[in-house]
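Below, each structure is written out as structure tokens.
In what comes next, subunit A is part of two complexes: it sits with subunit B in the first one and with subunit C in the second one.
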Partner chain A sequence: MKFRSEREQLAEALGLASRIASGRVGALPALSGVRLQVKGDVLHLTSTDNDMTLQATLPVGGDRDGVSLISAKLLNDIVRSLPEGKITLEATAESLAVKSGRSQFTVPTYNALDFPNVTPSAGAPFSVPAGEFGEALRQVVRAASGDQMRIALTGVLLTGEEGSLRLVATDSYRLAVRDVTSIVIAASTKVLIPSRALSEVQRLLSGATEAAISLDDNSVTFDVGGTKLTTRILTNEYPNYKNLLSGTYPNAITTGRDALLDALRRARILAKDQGPVRLAMTGNGLKLTAGTKDNDEFEEDLDGVYSGTDITIAFNSDYLAAGIDAIPTDDVIIKTIDPARPAVITASGDTDSEYLYLLMPQRI
Partner chain B sequence: MIARCSVKYAGRLESRLDEATRLIMVKADGCVAIHADGGAYKPLNWMNAPNVLTETEREWVVTNPKGETLTITLHEVLLDTSHELGEDPGLSKDGVEAHLQELLAALPDAIEDGLTLIRREHPTAIGPVDLLCRDREGRTVAIEVKRRGEIDGVEQLARYLEYLSKDSSLGEVRGIFVAQVIKPQAKTLATTRGLACVEVDYDTLRGRKPDELTLF
Partner chain C sequence: MDMFYVAVELRDDPGLRGLPIVVGGDGPRGVVAAASYEARKFGVFSAMSSSRARRLCPNAVFLPGRPAVYREVSAKVHKIFRSYTPLVEGIALDEAFLDVSGALRGYGSAVTIADEIRARVAQEIGITCSVGVAANKFVAKIASKAAKPRVIAGSIDPGEGVVVVEPGREVEFLHPLPVRALWGVGPATHARLDRIGVKTVGDLAMIGVEHLVTALGDASGRHLFDLAWGHDDRAVESEREAKSIGHEETFTEDVADIVELRRHLVRLCDAVATRVRANGTRARTLTLKIKFSNFRSITRSITVDTARSSGPGFTEALGPLLSAIDVHQGVRLLGVSAAQFEAADGPAGPVQGSLFDEPAEGRVDEATWANASGVMDEIRRKFGADAIRTLAALRDVEDLGEIGENPWGPSSPNGDTR
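Right, the complex of A and B next:
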């Protein structure tokens, strides 16, 4: 195998591949590798950690067809260290030479036969607008759990709801739900996709106009401009989140999103160790406090239009900031019932029915 | 005692420590250990209790009931001191099985979504089952909790399951072997016996507070 490529293009593809390849060089070192295959003037890059697989293609100057398997991280580091310009990669049976100008690396390769067979999802693809789907992922993926002991909560539920796409994520402290009414999807669709994979999809979608999604019983593939990311589907049972969507909220405050985010950034200096930030909502507006009177205290008043009975409610400051940040409009609405039941954060205006962020309070 | 000494052992075999400065410990129970200035716990040579220590000015001879002898020749005594240490409270390990079991009893869904606790230390004639739970489908689940998952723990759970299967009031009983780390051999054996294996992170469990308000 031998080919020439521009450093910038190759570095971009390898950066993605090295994030997908397994970071653990354990029983299967091949999983930490990126498989490079040259066919004519096209380089096919594949990396996998057995749960998630990336397949990308890159136009190159192909000199000799062939296959090589090399540590994704090592090759990524090498290519990034080289100056702008043409890079030549040439594989022998047991090594890969990377040449640029007067620099040359020669590094050992893995046995390409050790690399697992990877296939994209066999389902029929349907297309989605990249911008809208990417924004929905931005709003929802943040609420998924990182707790590997509750695997179901590490996933994002992709489901059909009244004929359109709904994304749901929760870590049991907060729940994010986004309906994308412009994406039509069968009501029977219901898959749980690892949030880690969707974070990568979100990156791929940046700058793209369209993406295709294919689903089968075991896996889902996202195809963004020919780059395919396939991930297994989680089979764990997802909690019944719909019960939480039907609450009525007697109290609501509408306040400026950016001003609230700025105040939260200040409050979080004292809301240490994910400590709570307290929100006092009255007819006079919104007062944020954090810290304790015995030690240190933060306090800031914000304008707001409030309806309901006066209430003071405390939230994990990070989770609250994440919810406010997900709102795309200038104003946010925070709706509450009482200090021990979930509050809802939505956008103000016409789009408020498409996204909601349900947040469990902390005990004061 | 800290002394420049040489040591000879005579018994099943013969060994010798040439002259050097060493720490010689004579414990209250009679054990004698000779340490170099390195290594965490293992002496260069030692004699377990019971034994008899005979002292002369230049030589200690430790003899055990089998007739084995440890002869310590003292060339120069640098420190000779004696302290009563009293009764030791024992080693308290963070993360012992009991605490892990206690945490999992409070948070059974950390083992499997939808799991609820029926009873901790469920008594049986062959010993208590660590956790007896019910799964989402209403089946009884016997759980054995270990700090380190090894083959003997799997065998233990298999015996409990065999016993519990005779109790018709429990219905179908399945088993889950839970540990912080489960050895590959133990996983293989568990699979063969039809038991599930779950590894749990003790620190994460400790970080979860049962009284936190949650949506689910």
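Right, the complex of A and C next:
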């Protein structure tokens, strides 16, 4: 195998591949590799950790067809270290030479036969607008759990709701739901996708205009401009989130999103270790406090339009900030029932909001 | 404690008295944990491989050891210690530092306390111990060694039992000793010191710190120089202030089955959590240690939002870390430790509510487990450590293992070390 490529485009593809390749301690070496295959003037890159697989193609100057398997991290580090310009990669039986100008690396390769067979999802692809789907992922993926003991909650539910796409994630402390009414999808669709894969999809989507999704019983593939990311589907039972959506909220405050985020950033200096921030909401607006009275204290007053009875409610500062940050509009609405029941954060402006972030308070 | 494990065995089976006894793993990977003075006459000593011990002393009685019993005895001895001072720093099951400066008014002198502790340990526990009394930890440790029984020219000298090094007389006591007596002088350092003509602690003290730094490096050189002059300003740290509490276990055969490793994890978590509770604390940082078949070790840590003290709480936190490690090449040793302690009776932090009424899958509720853990502790206090255990540790009855068993290597199924 031998080919020439510009450093920039090769580095971009390898950056992706090295994030997908397994970093697991003690894993099979082949899983930490990126498989390079040259056919004519096309380079096919593949990397996988057995749960998630990336397949990308790159136009290159092909000199000799062939296959090579090499540590994704190592090759990524090498290519990134080289100056801009043309790079030549040439594989022999057990090593790969990387040349650029007067620099040359020769590094060992793995046996390409050790690399697992990977196939994208077999389902019929449907197309989604990349910008809107990416924004929906941005708003929802953050609420998924990272706790490997609660596998179902590490997934994002992709489902059909009244004929269009709905994304749901919860770590049991907060719940994010986004309806994307512009994407039509069968009501019977219901798959649980690992949030880790969706974070990568989100990166792929930035700058793209269109993406295609295909689903089968075991896997889902996201195709963004020919780069395919395939992940297995989680089979765990998802908690019943729908009865959490029907609450009525007697209290509501509308306040500026950016001002609240800035204040939260300050409050979190004292609300260490996911400690609480307190929101006191009255007709005068919103008072944000953090810290302990006897020790240290932060306090900031914010403007707001309030309706309801006066209330003070405490939240995990990180969870609250993540919810406010997910709102795309200039103003946010925080609705509450009482200090012990879930609050809901939505965008202001349209009453028929497509996004909501439900957050359970902290008891202090 | 003098030859602690052996002493406990002799106490429980007086028929063994006078025989060469070796306690330790007798499997192919076994090491000697303790040897009776009769066995030491043959050149057997702790940390030697069991197979070598067997060659040196073929007639020795090899005992697999009963770690749970030793821990129990150790706890009773510590209880005696704590009746004199809360400042007890255990450095091994059979070794501890006591800062008795606060107890002197009541007892007159440290020597009185030392004599009384020796008498009570002998009477209430049925084993003997040796005490070094000095103004700092280092000198006290050396003095306790000097107080112990030892083998001299093939016969057993019972030792003085208590050796006192009066403040101001440390140099007099230390300088005639061979340099090997100093902490931190292993075979490599010893060889280097020998090359520059240093044989005794006195030689080392006289050679001058510059020469030592040249020969041994800055930190090590200065440290040994201080010790040689009897300087040691470290305080006695009681376990409440301990930095971590942990257990580790070497398996009979390397384990590559993740399900089996998980069972061991559950058992170790239970053992460590029990000690964390006994210490009156909760822990926020938990660490998993794995030694692979090729002896490569890795550790993985997690810090949880709310401090925990239940076995299931520990398992829940460490389980995912274990799952994320590829164990197919085989695991030789598994360890669990807890750190970042806070007082169990301290103020509780804020509690994050859950959106779902039912605890979600696999979720451990520390508050619920606090009661269950307390009941388990009570049962074990009354009926012994084996009286109650987690289901995961009970896969089959033959396989009943003790908590934290085999710290020095498991037995071979047929008792053969060759």
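Just so it is clear, the second predicted complex is superposed on the first by the 360 of 364 C-alpha atoms of A that agree within 3 Å, B and C clash if a C-alpha of one lies under 4 Å from a C-alpha of the other, contacts with A are read in each partner's own complex, and residues count from 1 in each chain.
The working rule: a residue touches a chain if its C-beta (ideal position, glycine included) is under 8 Å from a C-beta of that chain, and two chains touch if they have at least 3 such contacts.
Because the structure is a prediction, the values reported are computed rather than measured.
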Should subunit B and subunit C be called a clash or a fit once both complexes are overlaid on subunit A?
clash
Looking at subunit A, which partner touches more of its residues: subunit C or subunit B?
C
First (subunit B), second (subunit C), both or neither: which does A:L244 touch?
both
In the superposed arrangement, does A:P276 touch subunit B (first), subunit C (second), both or neither?
second
Would you check which partner chain A:A93 touches, where first means subunit B only, second means subunit C only, and both and neither mean what they say?
neither
Classify the contacts of A:A314 with the two partner chains as first (subunit B alone), second (subunit C alone), both, or neither.
second
Determine, under the contact definition given at the top, whether A:I364 touches first (subunit B), second (subunit C), both, or neither.
second
Report for A:T170: first if it touches subunit B alone, second if subunit C alone, otherwise both or neither.
both
What stretch of subunit C clashes with subunit B when the complexes are fitted on chain A: 45-53, 99-107, 189-197 or 405-413?
45-53
After superposition on chain A, the subunit A residues reached by both subunit B and subunit C are 147-152, 170, 172-175, 236, 239, 244, 340, 342, 358, 360-363
Touching residues on subunit C, where the partner in the complex is subunit A:
292, 298, 305, 316, 319-320, 323-329, 349-356, 360-363
Which subunit A residues qualify as touching subunit C in the complex?
24-28, 147-153, 170, 172-175, 236, 239, 244, 273-276, 314, 316, 340, 342, 358, 360-364
Please name which positions on subunit A make contact with subunit B in the complex.
147-152, 170, 172-175, 236-237, 239, 241, 244, 340, 342, 358, 360-363
Of subunit B, residues touching subunit A in the complex:
109-111, 113-114, 136, 200-201, 204-205, 211-216
